[in-house]
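Structures are listed in the sections that come next.
Look at the two complexes coming up: subunit A is in both, with subunit B in one and subunit C in the other.
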Partner chain A sequence: MMDIVLQLLFTGIGIGAVYALVALGFVLIFRATNVVNFAQGEFSMVAAYLMVVFSVDLGWPYWLSFLLSLGGMALLGVIFNLGVYYPLRHRSFLPVIIATIGASILMANSVLAIYGPQPQVLQGWFDTPGIQLGPVYLDSQYLLIIAVTILLVIFNYWFFERTMLGKKLQATSQDKEMASLLGISVSTMIMITFIYSAVLGGLAGILVAPVLFVSIQMGSTIALKAFAATIIGGFGDVTGAIIGGLALGVIETFGAAYISVPYKDGFAFLVLIFFLVFRPQGIFGERVAEKA
Partner chain B sequence: MKLTRRDFAAGIAAGIVAPHIISSARAQGATLKIGMCAPVTGPAAESGGYAIKGAKLALEAVNKAGGVMGKQLELIVEDDQTTNPGIVLAFSKLASQPDIVGFLGSIRSTQVHAMAPDVLKLGKPVMIGGTDPNLTHMGNQWLFRCRPNDSYSGSVIADYGVNTLGKKKWAVLHSTDAFGTAGGKALTESLTKLGSTPVLDQGYANQSQDFTPVVLAIKQSGADILGSYFTFENDLGIFGRQLRQLGVNIPWVGSPSIVNITALKLAGPALYGTFGVADYAEDSSEASKAFGKIYRDAVKVAPDNQSSWTFDAINVLSQAIKTANSTDPGKIREAILAIKKFAGAEGEYNFDQNGDGLHGYNIVKNEKGTIVFDKHIESNG
Partner chain C sequence: MSAPSDNMPIATAIARPKPLLLRHLPYFIFAAILVALAAAVPFDGYIHNILMQAVTFAIAVFGLSVVLGLCGQINLAQAAFFGIGAYAVGIGTSDYQISYWLCLVGGCAMALLAGALLGMSTLRLGGHYLAMVTISFQQIVTLIMINTIWLTHGPDGVSNIGRPWLFQSSQSYLAFCVAALALVGYAVWKLPDTPLGRSMRAVRDNELAAGVNGIDVFRTKVSAFALSAVLGGLAGGLFAGGFAYVSPDQFAFADSIQFLTMSLLGGVASPIGSAIGTGLLILIPEWLRFLKSVPGLYLAIYGLSVILIIRFMPDGIWGFVSSGLTRLRAKVKTPPATATLQLKPATVGGDIVLEVTGLAKYFGGLKAVDGVDIQVKRGGVHALIGPNGSGKTTTLNVLSGLYKATSGKIVLDGTDITNMPPHLRTAAGLGRTFQNIRLFRSMTALENVEIGAERPGNTLIKQGGGDALTERAMEALTFVGLGSRANELISSFSYGHQRLIEIARALAANPTLLLLDEPAAGLNSTEKLELHELLKRIAAQGLTILIIDHDMTLVSEAAQHITVLNFGRRIADGESMAVLRHPDVVSAYLGTE
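Moving on to the complex of A and B:
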């Protein structure tokens, strides 16, 4: 019995960590721009395809392909900011959100046009698919995903709390006018946020691709759950995104195991509805009225 | 003669419109059109490409042999986007063209269910690949199946597992869509008839990212054999890998998707040693071998049921139109139902009054990535 619980817990945390990585991208952009970037899932998909191009098609070393893919995502972040957000930055949030939805459709269909609809196989970072630890099988790719998520939590804390750039980004997200008066280049900070979010989304896509395969739909599937995780954790809260993602992964895995497999996705959205009704600010979010 | 302004305007209008009318009339008469709904985009876009290629190969062969009723066949493809609303829209676009004499629907039962009311309203023959038995048993006389239905696959999987492999404790795993539910039900009923009521009957939702709870349920059930109905190959790939990783190595007999090219590519070694019921098996007959050869020559990949059923659908439809010597839907319907002992890539077609052309399945084995024909079992279910 215990071995089953441990196996489910490991898998739940693993899949939850993927949601958390994408959710983090949602949160960072929301904090900086007050809009939800619905193309965040497509960042994951594009990065996974870049890995296929570099690592599988061109046969370049895995680490080099990884770096080039993340570099490509940074570039995509720049293009996305300049092409989608920047021209609409003085408009209300609605046109920007619609523009991000349009951009996500454009990205998905561009990849479809260039690469075709065939799902692709991407090998994982390790030759060994996993290790047996007592009664529990630990998939090496999920181990890597969990490790990267932990490292990112530490990095984010250090970056946003201990570095000047991080504090500038925080200041920009809290009050753009005040940040501007203090000499912070708001547009540069927003640009950096888009780059970082694109890289984070890309990282999630590259890490999860060996498990879920590389397909046009992979981004939207993950993004939907990540969006739910963001609301559960508290929109705009970095810690909330991580906790929300992990909680969602664990809840849906245990819900599937002990209540119903076909309604697995339903559990995630039941939790989402519960939060929207009873705690719309999420676990870590503060009430809008309480914001200083 | 005095040319009035009205005469001049009428002359100009006639001059503009006439070539269009003439060319349109010529186009209508020059070919016999067949409409095809296929997933050009969406999750099944890859297999949709194979389906279109299969249909085009049959079309080319028919046209090379002189066509039908002295006319060349023409294929009009509409994208069904691999969704139910998509296929309803695609079919309505095709149905609005009165010169289309017959159609190819979907290999997905859920999509055929979605388009079925419009098919009934239109009243023209639609060849389908969806294997939910209900499709040809719900009073829609215009659906004709070019694959064996799931009541047959269920009985063949059960027969092979119980009588050939000697396994009695079954876990049945199926998608919760129309195809998977009908397939799982058919397998469970066949097993119950054989005295092996499944120890686990488990459904799952399409596009799942994780199958750990399912694999653990199979492990806990104590099953010594697994029967499955997967709709999408990526689900099958993820499940197959997790099944092996979590140490479940019981024999596995799956529905046709287990031997699809995409599934073999995605799941790789996780599917080695598995068995599948396959409506198309290259070595099962001379007609199957012949199709395999022309498909490989043309497409450069191994053929599978995605392309073989559309290949047969075009051949059956054109044969029926030839026999009927008419494009009247009722006459074509009668001619399809009269088809007996017609050698197709999928097997020998003997249409029954429900519109089912095939009544048995091949059993194939995945031997290190190569699909090997084992035996053909004609259904007794």
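Moving on to the complex of A and C:
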């Protein structure tokens, strides 16, 4: 019994780490632009397909494919910013949201049109499938995901709190007008944010691809979970997004094991509604209401 | 309460318009012709199916034009509501042999309930929550349709769906659906001019101003969302009867996006736009059938069109056409009201209209307002002054309910309003204007003021409905000198005039107490003089005013009583001249020697 619980806990944290990574991308864009990017999940999907193209179809080395895919994501971040967000930056949030939803549909279905509906398989990074630690079997890919997430959280902290670029990004997200008066190029900062969050989303997609199948739907599924994670954690809060993501991964894994497998994807929704009704500010709650 | 008294102005100047139904006779004749055509012209099966689809989809898209176009809230689950209606009719008529009508009503009720619950859980929060929650809901509904096989037959779907006995043939059923479309279309077309529709537009334009003008923002949003869900459910029920077969893949997220694209393409603001968008997006794919051979290509094009429409044609096709038409049409002049505006503030309590005791508002550790007492006497002009950062505007925001008081008590004319939301305070008799003007920008001056006049608890317009409302609003606009420009859009007025419209909007509500937040800010000297005259005329009618302003000339001439704040505390209070000479006040403003 205890063995199963520990095993589920490990799997839950592993999958939760993926949600946390995507949630981090959400939060970064939200803080920089006050807009929720509904195409964030598609960044993960596109990166996973790029991996399949480079590593499986072309047979290039894994590390090269990985770097090329992340490079592709950086490019996609630039295109996304210039094509979707930037032209609408002075409009209210509703047009921007709708445009990002349009972009999400466009990306998912372009990939579908090019690659067809058949899910693809991507190998994991390591040849060893995993290690047995006492009663728990630690899958190597999940270990990698957890390790990368920890590293990224540390990197984020260092980047935003300790570097000048990180501070400029923060200043831009807090007050665009003032930042521009201080000589910060707001459009460059926004561009950097989009590139960074596209790469972050792509990284999550590449990491999770060997665990799930690489499919068209993976983007929207992950995005939905990641959004629920940000609400659980408290919107706009980096730590909250990480903890929310991990919590959601665990809840979902246990729910699927003990309650129902077909409705696995429904648990996130239930948790989401629960938080919206009872604690809309999330665990680390701040600013829910729009400013008076 | 003031009873309708004998000096009420009697409507004589305004000519009675023809009854509404008679004026819209052409619409109904046109609709009747369409119904007759649908019933009489023999279509082949292919054309019939396309028409059936277009008609039912258009009703669902009408729903989006209500929630998105009118109220500015997003709904990405319209296909789920459509599916709920369709499955109710499908399962009910085929598996349980329940009457079609009962199923249709049941389906609408279920969609309504789902919409209302979903809205209530989310609509207090920002718009992106609603977007995500509706996507989640859409996915849950699809999951249920696929997995609860005992009820929905899973991926196989429901077949042998019944129709009502009167409309058994597909020809007559189509005619029935066209009739339903015409009726729903009429309702959606007329909705913007009803009180509910006006509230929705006000909420879309400016939530804060809507709240302080007596509109229950949350209820309005939930109503709009639920209404859109019902129209989705109705459309789905009609769809199920028309095609006799439904399956989960017809009501997926992609279909919600299709509805959204239809709505955006045609123009979210009007049912005509919805109809155009629906028609085009059903016909174009039929013409470009070859694209269907590549899966995903269609939706990719939809996604791209959404981005392009939002960027280049935000009002859709119909919005583009109709703005051109409006420019061609001559402006309608409204004659200024002949009767003068009557301000008859309600009188319940005693001599004190507003009694504030120990009011405090802390933002974390910052004590913006710290234990302030204010007593506003009935019928006078009371000024609240203080240097920048002294807590004046915070006090006003706590008074009108935009901020929640940390502690203290606010009593308005005998009613404790300390814990009420803004719209209930307005209903209790509070009116206010904003320092940074908050008007409903997509509306005319008259419509703005009508929303003010509509305040629940405004005893002056209780009887008479729409005409009385318009007349009251015209009187208020005439009172501030803008009666002749009532039908112009807000954007065509100067800053100073916009301020006057905001005052007119508050006056039309016939408040017991009027809060003016820096009304002289940004006005030139002529405008300031006019404002001063206006305040005199308002005060002459016995309306109590609490004014915040920096302009000492205005304050000292207009106000009989002054309260001075500094660092969130009251430092002086009393008769104007005495307060202005008070040493603490002088030092707060000019510094100590």
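The rule is simple: the second predicted complex is superposed on the first by the 273 of 292 C-alpha atoms of A that agree within 3 Å, B and C clash if a C-alpha of one lies under 4 Å from a C-alpha of the other, contacts with A are read in each partner's own complex, and residues count from 1 in each chain.
To be clear about the criterion, contacts are C-beta pairs under 8 Å (C-beta built on N, C-alpha and C of every residue); 3 or more make two chains touch, one makes a residue touch a chain.
Just so you know, these numbers come straight off a predicted model, no measurement behind them.
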Subunit C versus subunit B, contacts on subunit A by residue: C
First, second, both or neither for A:130, with subunit B first and subunit C second: first
Partner chain(s) touched by A:36 [first = subunit B, second = subunit C, both, neither]: second
First, second, both or neither for A:265, with subunit B first and subunit C second: both
Contacts of A:95 with subunit B and subunit C, given as first, second, both or neither: second
Which of subunit B and subunit C A:117 touches, first, second, both or neither: both
Which superposed partner A:227 touches (first subunit B, second subunit C, both, neither): second
First (subunit B), second (subunit C), both or neither touched by A:75: neither
First, second, both or neither for A:5, with subunit B first and subunit C second: neither
First, second, both or neither for A:257, with subunit B first and subunit C second: first
Contacts on subunit A seen with subunit B and repeated with subunit C across the two complexes: 112, 116-117, 262-263, 265
Parts of subunit C lying in touch with subunit A, wherever the complex brings them together: 72, 74, 76, 121-122, 124-129, 131-133, 135-137, 139-140, 143, 146-147, 207-208, 253-254, 257, 260, 264, 294-300, 302-307, 310-311, 314, 397, 402-403
List of subunit A residues in touch with subunit B within their complex: 4, 7-8, 11, 15, 112, 116-119, 121, 129-130, 137, 139, 211-213, 215, 217, 221-222, 253, 256-257, 261-265
Residue ranges of subunit A touching subunit C (in the complex, touch as defined): 35-36, 38, 83-84, 87-88, 91, 93-95, 97-99, 101-113, 116-117, 216, 220, 224, 227-228, 231, 262-263, 265-266, 268-269, 272-273, 276-277, 280, 288-290, 292
Residue ranges of subunit B touching subunit A (in the complex, touch as defined): 41-43, 45-46, 48-49, 176, 202-205, 207-210, 212-214, 216-217, 220, 233-234, 237-238, 241, 245-247, 262, 265-266, 268
